[in-house]
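Next come two complexes, and both contain chain A; in the first it sits with chain B, in the second with chain C.
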Partner chain A sequence: MILENAPALAIGIPLFAAFAVFFFGKLGKRAMKVWVVAGLLAAEVFIIWLAMDALSGISHFYAVGAQVPGIISQAGFPVRVVLVVDAVSALVALVAMSLCLLAGLFSLRFFEKKEGGEKFYSLLLLLAAGITGLSFTGDFFTMFVFLEVISISSAGLIVFFREGEGFEAGFKYLVLLAIGALFLLFGVGIFYGKYGLLNIGAIASLVGVNASFIDFTAVALIASALLLKCGSFPVHMWKPDVYQKASGIVSAVLVASGLVGIYALFRVLFLMLANTPLSAMVGWVIAILGVFSIFVGVTMALKQTSLKRLVGYAAVAETGFVLLAFGTGLAAVTSMDIFSFRAVIGGMFQLVNDGLDLGLLFLLIAAVGFVTKKKRIGEISGLAHKSPVLAVLFLIGMFAISGMPPFNGFASKIIIYESVYMASPVFSIVGILGSVMLLAIFVKVFVAIFLGPPYKGKVEVLPKSMLLVMCIFAFFILLLGLFPKQAIEGVFLPAAKALINSQAYIGGIL
Partner chain B sequence: MIGFVFLAVIALAAIGIYAAMFKRNLIKIVVGINIIASAANLFLVSLGYREGGIAPIFTGAESLNMVLATPQALTLTSIVINLAVTALMLSFAIMIYRHYGSLDALKRRLKE
Partner chain C sequence: MSPIVKNVAVVLVIPITMFGLYIILHGHLTPGGGFPGGAIMASLVVLFFVAFGKEWAKKINKGILFFGESFGLALFGLLAFLGLGTSFFHNFLANSDSLFGMSIPFGANSGFLWSGGIIPLMNIAVGLEVFAALSIIAVVMFLENGKVMFSEKENNVGGKK
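Let's look at the complex of A and B:
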């Protein structure tokens, strides 16, 4: 009974927990922390259960408020909001929710002395609900609602520690995402006006047969909003600002919301354009945007002096790799050959690796700030003498993000290079150069922070909860890096199939 | 007749995008986004308009063959969401004014 409603509960539990946090906050800090962790953990358990089901081939189509998804109105179209949990949406929700849970665990010690913990956790839980909702939704209007839930709660988190300029970053983020979401609403309105439908799968089944200029306009409006959300090249400018000014914990959660944005973008594009002649052109446009994101990300990261801003630009480059891989796959979706299919698998793998690598690096920055109590990373050097664990973890994150063997970044990027090379050698070469430059940038950072004469200032002991969370990240980075074959066969292959196979998605809803 | 509504939607959206892109005052940017939101709401409501349709209110209805109320529901939701976003943006603008002493978007500190 409970498991039947798992897709709704995975969204509902964090949503309820977000508002109940204030009640538990009155009971004391310990009660509140237990409540927050319990809420995130419960949602995580439901998502793990759903993901195991979905990856073994059982997709769930959950109609909100009805027994079966295929409730048909008099005019002959589905009226219910449908939540779709197939291999790809479950995987993305799992990664994003895990990031929220781990960031939540990591932040527990931050509010030992600070006030306002319940507000922070309320926003965090709201963001978790929005992230799960955006990955499960099978309905365009619900997509708009969850996109706005994510924008509002993450804007609140960005400015949470009230460091003056943080408000500027938060304002920029909110303005851009609000305009983006309204563009999405215009696109949804166009689809509703033409088909009288909001259900993504039902619209896709009609678009595939006789696509017109109106349909492509709507797809372009929706895709532009989602590209803005995931921070690709021409609209990447909010990303470094936000990642520089937000706390490291918040940045780790924002990475999760970015992953879900990429997923939503490609779910819409693969569903809507699979049977139309435009898929090749749109695919190439996305791949070119990805290449530019890689190029701009690494070149701008080279000249940064602030570490958080540097990692922010590295995040733009990492998004570029996913866009490059999925774009190449989309370009060849009508005649799926082995290389394009491998590009999609590489993109799936890279999507998960982005979350792991960037999440670890942002949490490490937060941990370095916590043990040294310094606001500016530039004042720290020679930390490896005092805190070798942090140095080792930073090395793992740095090698993983720049695609060095035996870490996970290598496993995914090598698939992307070899498959993209078959489609366009130049793109592949830009990608390889991008990763090499990323390594050079991070070696510079590592030398500056961790090497040199021993750190003079006081260093606090790293709390066990923070260490545990970062070790979990490092464990999964190594696990995916050492056993890529098993990971691809067990997880990424079914996910890539589910992303490409629009017929299964449409068939489940109708 | 219905064509004029869509022209109004396009004009409103254009004004809003212009304000959001080219105005330097943060409050004016927020107003611009609000105008785009109004355009989106007008668009949704006008999509739901049917000539001679019966409003979906069961009390004293002439017949049960009513128009679908989905666009109205969408518009209500979108109005509520935009209210929240506007309130948040304006509160950010207040905090920016307190920090920098100005609402000019060009007098910013976060640079490349």
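Let's look at the complex of A and C:
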């Protein structure tokens, strides 16, 4: 009975936990932290179970509030809010929820001496619920609601403990995302007006038959809102600002919400455009946006002096790789050849690697700030003498993000280069150049922070929980990098198949 | 403000509260529901700020408002979880002849208050939450220009140290 309701519980538990944090805060700090970790862990366990099921080929469709939750369309069309857990949505939710859980574990000691922990954890749990909801939702209106949940709770997290500039970044994020959400709502309104439906799968089945200009307008509106959410090239400007001003822990969670934004974008595009002639054009537009994201992200990262802002631009470039891969796949979705399919697999792999690499780097920045108690990273140098562990972890994160073997970034990027090269050599070359430049940038950062004469200031001991969290990241980075074949066959191949197979999705709904 | 404004504000407590509660309780029958009703009730707090000024506003216990906000949200979540016997958010009270569980006779009617199952209960939870949250927003904006929402000072006023 419990497992039957797992898709709803994965969203419901963090949501309820977020509301009840206040009461546990009254009982004391310890009770509150236990409650927060228990809530995140419970959701994680359900998502792991769902992901194992989904990756072995069993998708779950769940109608919220129905007499029998497994029956989606009683009268031939879906009326209720539907949650869809197939291989790709379960994988994305797993990665995003793991990032939230690990960031939550990391923050247990981080906020020890600061006040206001209950609001931080409340917002963190709310964001976790929004992220899971956005990845599981099979319904356009619920997608809008969860997008709003994510943008409001992340704006709260961004301004947390920061004054002045932090407010500016948080406000910018909130306003931009609200505008994006209105675009989405307008697109959803068009679909609702035309078909009287909100369910993504049911609309996709109708769009596939009689697509018209108005459908494409709606798809374009929804896609632009989600492109804004994931921070692609022309609307990437909020990303460096936000990642610079927010605490490192919060940035790691925001990476997770960005991943889910990318997933939602391609779920909609692959479903809506699968059988229409427009898929090629839209695919190329997305791929070109991805190439520009790589180029702009890398070149802007080159001239940054603030480390967090630099990693923020690197995050724009990393998003670009995913967009490039999925865009290439989308362009050929009507006649899928082996190279385009490999591009989708590479994009799926890169999506997961994004979360791991950027998450590790942002948590490392937070840890460096924690042990040195310095606000500005520029004042730190020669830290490797005092804490070699951080230096090693930074090396791992740096090599992983810039695509060096034997780390996971190499495994995913080589697939993207190979497959994209068959479609367009220029894009592939820009990608390789971007990757090389990322390495150059991070070598510069590594030398500045960790090498040089020994650090003179006081260095605090890194708490074990923080070290453990970062070691988990490093472990998965190495695992995916050393065994890419097994990872692709076991995880990314089923996920890529689920993403491009719109018929299975629609068939599950109707 | 002048005695006229103050007295009218006090007199208006009754109609505004009644209208707010009406909107909340009839949420499942007429347009409205928890959110608009809670917002109407919160407008009472704003009216009192205008009429009685800062001295009155300082007397508000924000701890209670925070409690009300969290309680409303937790109640909403709890009601969703209670339906888990069949599915999440399942309306287990509808047509059960218990709390808000009247079975509706077939045919046209003007609406029965004692129906709807968990929907009116959720409306009440949302109404409580929105009333408390909007009151907190009003207090913060009125007293502190919105500066301290996320800083350390705020804990001295409301919750536990």
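In the analysis below, the second predicted complex is superposed on the first by the 500 of 510 C-alpha atoms of A that agree within 3 Å, B and C clash if a C-alpha of one lies under 4 Å from a C-alpha of the other, contacts with A are read in each partner's own complex, and residues count from 1 in each chain.
Criterion: contacts are C-beta pairs under 8 Å (C-beta built on N, C-alpha and C of every residue); 3 or more make two chains touch, one makes a residue touch a chain.
Note that the structure is a prediction, hence the values are computed from the model and not measured.
*Asks:* So, A:169: does it touch chain B (first), chain C (second), both, or neither?
*Replies:* first
*Asks:* After lining up the shared chain so the two structures overlap, which partner does A:198 touch, if you call chain B first and chain C second: first, second, both or neither?
*Replies:* In the superposition, A:198 touches chain B alone.
*Asks:* Considering only the touch criterion stated at the top, classify A:111 as touching first (chain B), second (chain C), both, or neither.
*Replies:* Once the two structures are laid over each other on A, A:111 reaches no partner at all.
*Asks:* Report for A:339: first if it touches chain B alone, second if chain C alone, otherwise both or neither.
*Replies:* neither
*Asks:* In the superposed arrangement, which partner chain does A:446 touch: chain B (first), chain C (second), both, or neither?
*Replies:* In the superposition, A:446 contacts neither chain B nor chain C.
*Asks:* Classify the contacts of A:16 with the two partner chains as first (chain B alone), second (chain C alone), both, or neither.
*Replies:* A:16 contacts chain C only, not chain B.
*Asks:* So in the superposed three-chain picture, is A:159 touching just chain B, just chain C, both, or none of them (first/second/both/neither)?
*Replies:* both
*Asks:* Should A:216 be classified as contacting the first partner (chain B), the second (chain C), both, or neither?
*Replies:* neither
*Asks:* Looking at A:244 after the superposition, I want to know if it touches chain B, chain C, both of them or none. Which is it: first, second, both, neither?
*Replies:* first
*Asks:* Quick check on my understanding: which residues of chain A belong to both its chain B contact set and its chain C contact set?
*Replies:* Correct list for chain A: 156, 159.
*Asks:* Note which residues of chain B are touching chain A in the complex, please.
*Replies:* 13, 17, 20, 26, 29-30, 33, 36-37, 40, 43-44, 47, 68, 70-71, 74, 77-78, 81-82, 84-85, 88-89, 92-93, 95-96, 99-100, 108-110, 112
*Asks:* Which of the residues in chain C come into contact with chain A in the complex?
*Replies:* Going through chain C, the ones touching chain A are 66-67, 69-70, 73-74, 76-78, 80-81, 83-91, 150-152, 154-155, 159-160.
*Asks:* For the complex, which residues does chain A have touching chain C?
*Replies:* 1-2, 5, 8-9, 12, 15-16, 18-23, 25-26, 62-69, 114-116, 118-119, 156, 159-161, 163
*Asks:* Can you tell me which positions in chain A touch chain B when the two form their complex?
*Replies:* Going by the criterion above, the answer is residues 73, 75, 141, 144-145, 148, 151-152, 155-156, 159, 162, 164-165, 167-172, 174-175, 178-179, 182, 185-186, 188-189, 192-193, 196, 198, 241, 244-245, 300.
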